[in-house]
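Take a look at the structure set out below.
Naming follows writing order (A, B, C and D), and every chain is counted from residue 1.
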Amino acid sequence: MSELRPIELRSDNAAGAAPEIVDAVVRANAGSALAYGDDDWTARLQEVARRVFEHETARVFPVVSGTAANSLALAAMCPPWGAVLCHETAHIVQNECGATSMYGGGAVMRGLPGDDYRLQRSSLEHAFAATGWGDNHVSQPKVLSLTLPSDHGTVYRPAEIADLAGLAAERGLRVHVDGARVANAIAALGCTPADVTWRAGVHALSLGAIKNGALSTDAIVSFDDRVTDELYYRLKRAGHVASKMRYQSAQLEAYLSDDLWLRSARRANQAMAQLAAGLAGLGVELTNRPDVNMVFVRVPDTVVDRLEQAGLLFYRISPGTIRLVTSFQTSDADVDEALARVERALDGR
Amino acid sequence: MSELRPIELRSDNAAGAAPEIVDAVVRANAGSALAYGDDDWTARLQEVARRVFEHETARVFPVVSGTAANSLALAAMCPPWGAVLCHETAHIVQNECGATSMYGGGAVMRGLPGDDYRLQRSSLEHAFAATGWGDNHVSQPKVLSLTLPSDHGTVYRPAEIADLAGLAAERGLRVHVDGARVANAIAALGCTPADVTWRAGVHALSLGAIKNGALSTDAIVSFDDRVTDELYYRLKRAGHVASKMRYQSAQLEAYLSDDLWLRSARRANQAMAQLAAGLAGLGVELTNRPDVNMVFVRVPDTVVDRLEQAGLLFYRISPGTIRLVTSFQTSDADVDEALARVERALDGR
Amino acid sequence: MSELRPIELRSDNAAGAAPEIVDAVVRANAGSALAYGDDDWTARLQEVARRVFEHETARVFPVVSGTAANSLALAAMCPPWGAVLCHETAHIVQNECGATSMYGGGAVMRGLPGDDYRLQRSSLEHAFAATGWGDNHVSQPKVLSLTLPSDHGTVYRPAEIADLAGLAAERGLRVHVDGARVANAIAALGCTPADVTWRAGVHALSLGAIKNGALSTDAIVSFDDRVTDELYYRLKRAGHVASKMRYQSAQLEAYLSDDLWLRSARRANQAMAQLAAGLAGLGVELTNRPDVNMVFVRVPDTVVDRLEQAGLLFYRISPGTIRLVTSFQTSDADVDEALARVERALDGR
Amino acid sequence: MSELRPIELRSDNAAGAAPEIVDAVVRANAGSALAYGDDDWTARLQEVARRVFEHETARVFPVVSGTAANSLALAAMCPPWGAVLCHETAHIVQNECGATSMYGGGAVMRGLPGDDYRLQRSSLEHAFAATGWGDNHVSQPKVLSLTLPSDHGTVYRPAEIADLAGLAAERGLRVHVDGARVANAIAALGCTPADVTWRAGVHALSLGAIKNGALSTDAIVSFDDRVTDELYYRLKRAGHVASKMRYQSAQLEAYLSDDLWLRSARRANQAMAQLAAGLAGLGVELTNRPDVNMVFVRVPDTVVDRLEQAGLLFYRISPGTIRLVTSFQTSDADVDEALARVERALDGR
């Protein structure tokens, strides 16, 4: 069956770049421009972002990865003796090799339990009750980091974010959103970008772009002047200020313009909705609610083997569980073909 | 005079990207590919680099800036209680906001004097004599970092690097080259890439690409397995592992292929040779020996003002001193026109 | 009832210093001596420690607190991208304000579950199975830290330490023991100091002295030359090398001489055994097995209030639970009197 | 000549402890007391310090070494992207193994030239003029650290400190004094402790005590609430909060009480004045102005050898130059005897 064309469902990180973004890079290659962000593309990016986020002083910092965005934003918000509270499955705890503790000068991450891979009000309340506030034996909670959507594809609604952020604010914590796939969440929620960020009490956003069509840049969006001031220096000394920044800014400008980011995210979400419905129709058990563009499903390992042989590309999470992720490049035909292969695999063919 | 077309001599950082490199990015946008370096472009990059550097186990790590390359390479080579020895004008001391001390966990940089913006044998000998070796009050010298070319456009010859590296090795130091413009140096020296790196005793190179035609990536080239092993983790936790790495690797593959990097550097060097000769012919005083693509010249401030009005783009270094830098995009016509404007400015026109 | 003399059961940290140790300090104040450890007291301390621990190259570093001992020893054993595995209730995770992550340059602590406040073989096996070994997204387990006794007064037997250390060694981890009260554990186990340290596969020990009679110094005991070499520099740059070190070393010399540390620990343990037996006889519920010098007991809050009014000094852990700790200064009379007051409080008097 | 009793002139670090301070420790060993500073001695220390420094909110933090005092105070005053300006011979640059950069999360130290081992107004002015203010390539000057007295025994007068602090304040820098021997300076200047600290614009003082009679503790004195708040957490996570703090606080209480610190310093200064006058009378060349308790003198190496044989204890700084330091324990008889031996050595006997 190796002649079957592969269908990419491993990760949206494996997808290519959006043509609009490649075009923007090509067009940015015109003439000379000052380095380190003193260029027209970076200036325009700020304007576009302020319009899109409806925030007059928002500041966008292009960075090369989501790990950089998360860890540098958190370091700018948390003193070295502080703790960042987040869900125990958060990417910053599980998948960033301690980046936040490194940039944070020894700040720690404290993973909390919560249903559905999300924090609830009670998660925070229990954590606060168990904290020795003002006791210097204990890393003091200083930042709340929410992942939107979670790494298991679940989303917070704007009111939920505002509620958690309000609870955090009572204790003086600032709030960060890890939005590696935030466009997918906004598209799914049908809300505005402001609704899940500053309007809900969020001070800084890790804005994912790479998984959704950019070439080489994600970004931090700061809604707080203190965070902005710190990031200006922190990014430079971390080597995260691109010298020819125009090529990074041009990508983000195109990404946020003409709704490209949300259109791309909607495409990925729709492909997933179609895929998840089809899987359910085939009697396959889904283990998460596929709010955005990823689903976790349970199938016997013999079926998993057959799916691999059939050219379906996906990740094995644990015995009997696989993860399927769609991207802006996943077509309806891809989904139909994937479902057909799943059906055959279930039938033992 | 504002109608005159600007001539870019501020920095090679202000130049655009080479068409071959833009094409490589566009071509890399084909199909899906695994993230974080598990892609064909990154694999091919390793092969190209090993051929170009004539070293079988060299390892290339794309990073987004020269600051990242320097500080992460140095952190991988220097224990936190160590000191990095370098020239007192080195970029790592003067222009990177303490990046090496941050990534190095408190390692310090120790700037040494030396003629011509370069270290001499005596610079190191004096530093070694003044060191309390094995005394825990004193940061122990552990790395020698040479800048090739220096930020003032002067170069070390391969034998000079080997001599300094040998002296360093006697004391157990490892050796790093900050090669933000190393292609210009190699082109000027007419040597091989190996001659100024591992063959001369160098363990890791910050390989500049952005100033010489890349879009969004420089690189670290490690010739030492211990450095390679550390960088694998250090880069990730610094957020310097691009998820869609293929778009970074494709640039570097193109850069190192078909001699593009050296051809581009030769062009910049030749433009500078022509410019420097012309300036000398006009009686302008040069304050450095323009071995590569930059020159510092002394002209009265009234002339400097006239040059700016005439559309020449350059940096004022101090009263009466300006810096002119050529790039791979500087044409013979640019140089001729620049010289004509200088002549007019000197004449008071 | 305020006229009743207070009985100290809050913490062994609240006890005074042993007369032998105060005398040693007074005697050390004779003549001049070189600073930073080049003195006779520090030299003799090394000899005493090597004899007591039966290890020819063991090296003792006096430090001012258990937090310093733990975090600096761990930083010397763990690369910045590493993880320190320990029980989820370990002092390093719960009570040291992120010291290990700070000194460790961003190394993280990973708290694992385990019965009885101790790690079991299965705790480690599960952690290892859940680790992405060699994956740079994940902080790599590099050190196992065991707390002996635990902060809840339970101990590992030598064979248990050796078993866990062996499992750790298979994966290349080094092993640390947080021995803030290790003398109490050794006394309770009836084993030798070597049995719970290097002979069981331990590379470095945080040797508590302050809780057991020292004035101003705990120590790190290193059984590994690499750790020793790193600590020499790491302690200095952390400001943890006392200039008049003789006054710290003299305390530790006295502490380890003539069995003082074990005699003092035995006294504390015996007082606790007597107290725990008495409490059980009064029908009070103990929530831990008081292997050493602390017990946690459950009594109604009205009784707790009465105990406080009766001049008993202890800590409230949570509603209905208090902690009682004995020290080398707790006399048989103190215990008898404490039990008498508990009996009255239970009777409602 | 080995039968001659040794005369200690190597360092005040080699002296013993003052009897008043040993007594204070012995007296503190009475009863139980809460750990980590919640004890009566630490409370009284605050009162004494506020009276001595005439400052109502000053806060004293005992720490185990001058390196700890300097580096933790500076880390609390300087952001990670900042630079600490100091004299190029300052202890923090030359003798602390990078401690400030470690605790400062990569903050750098920038040594400036200045006559007499002190900074002048022009030192700061030149440094400020050479700084790229607000440029993120450059570590931003954030703290001025003055050493009083310098490591070569020279002092700033209160008006000089105020002048430099004023200049620093114009640029937003905060001011630190490294006062490892500040008592000697205050005694020499005949001023009040306030005159050389907060009244002159100083925010934090490293208060040396060990070189002047304490057993095991120096201190940070903070005159700034922000510094105080940070130090509370920073000291704990650095392991610099002694658990049985009473024994450290008792030393400092005794030190600052009844003028002990200034009396001891005066004794050391007087011994030096007598020694320096005697040396000058013998025709020996002094290379510094012995404002406090140390002198550097030039004598032929043959004489140096003879002095060593004669039982004089001192440090060789460089060929032909030695350093002599007196302490509170240096008696008039010691000085007379030392001068007699110098005279004999000069005579070739």
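One rule holds in what follows: contacts are C-beta pairs under 8 Å (C-beta built on N, C-alpha and C of every residue); 3 or more make two chains touch, one makes a residue touch a chain.
If you're wondering where the values come from, they're calculated on a predicted model, not measured in any experiment.
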Original post:
Quick one: which chains contact chain A and chain C both?
Top reply: B, D
Subject >> Shortest walk length in steps over touching chains, chain B through to chain D >> reply: 1
**OP:** Among all other chains, pick the one whose mean CA position is farthest from the mean CA position of chain A.
**Re:** D
Original post:
With chain centres defined as C-alpha means, what is the inter-centre distance between chain A and chain B in Å?
Top reply: 34
**OP:** Compute the distance, rounded to whole Å, between the mean C-alpha positions of chain B and chain C.
**Re:** 51
Original post:
By residue number and range, which residues of chain D touch two or more other chains?
Top reply: 80-81, 96-99, 102, 105-106, 136-137, 233, 236-237, 241
Original post:
Considering the complex alone, what residue numbers of chain C touch chain B?
Top reply: 79-81, 105-106, 136-137, 140, 230, 232-237, 241
Subject >> Touching residues (chain side chain D, partner chain C) in the complex >> reply: 6, 8, 10-11, 13-17, 22, 25-26, 29-36, 63-72, 96-99, 102, 210-211, 214-217, 233, 236-244, 247-248, 313, 329
Original post:
Taking the complex as given, what residues does chain C use to touch chain A?
Top reply: 80-81, 83, 94-99, 101-109, 136-139
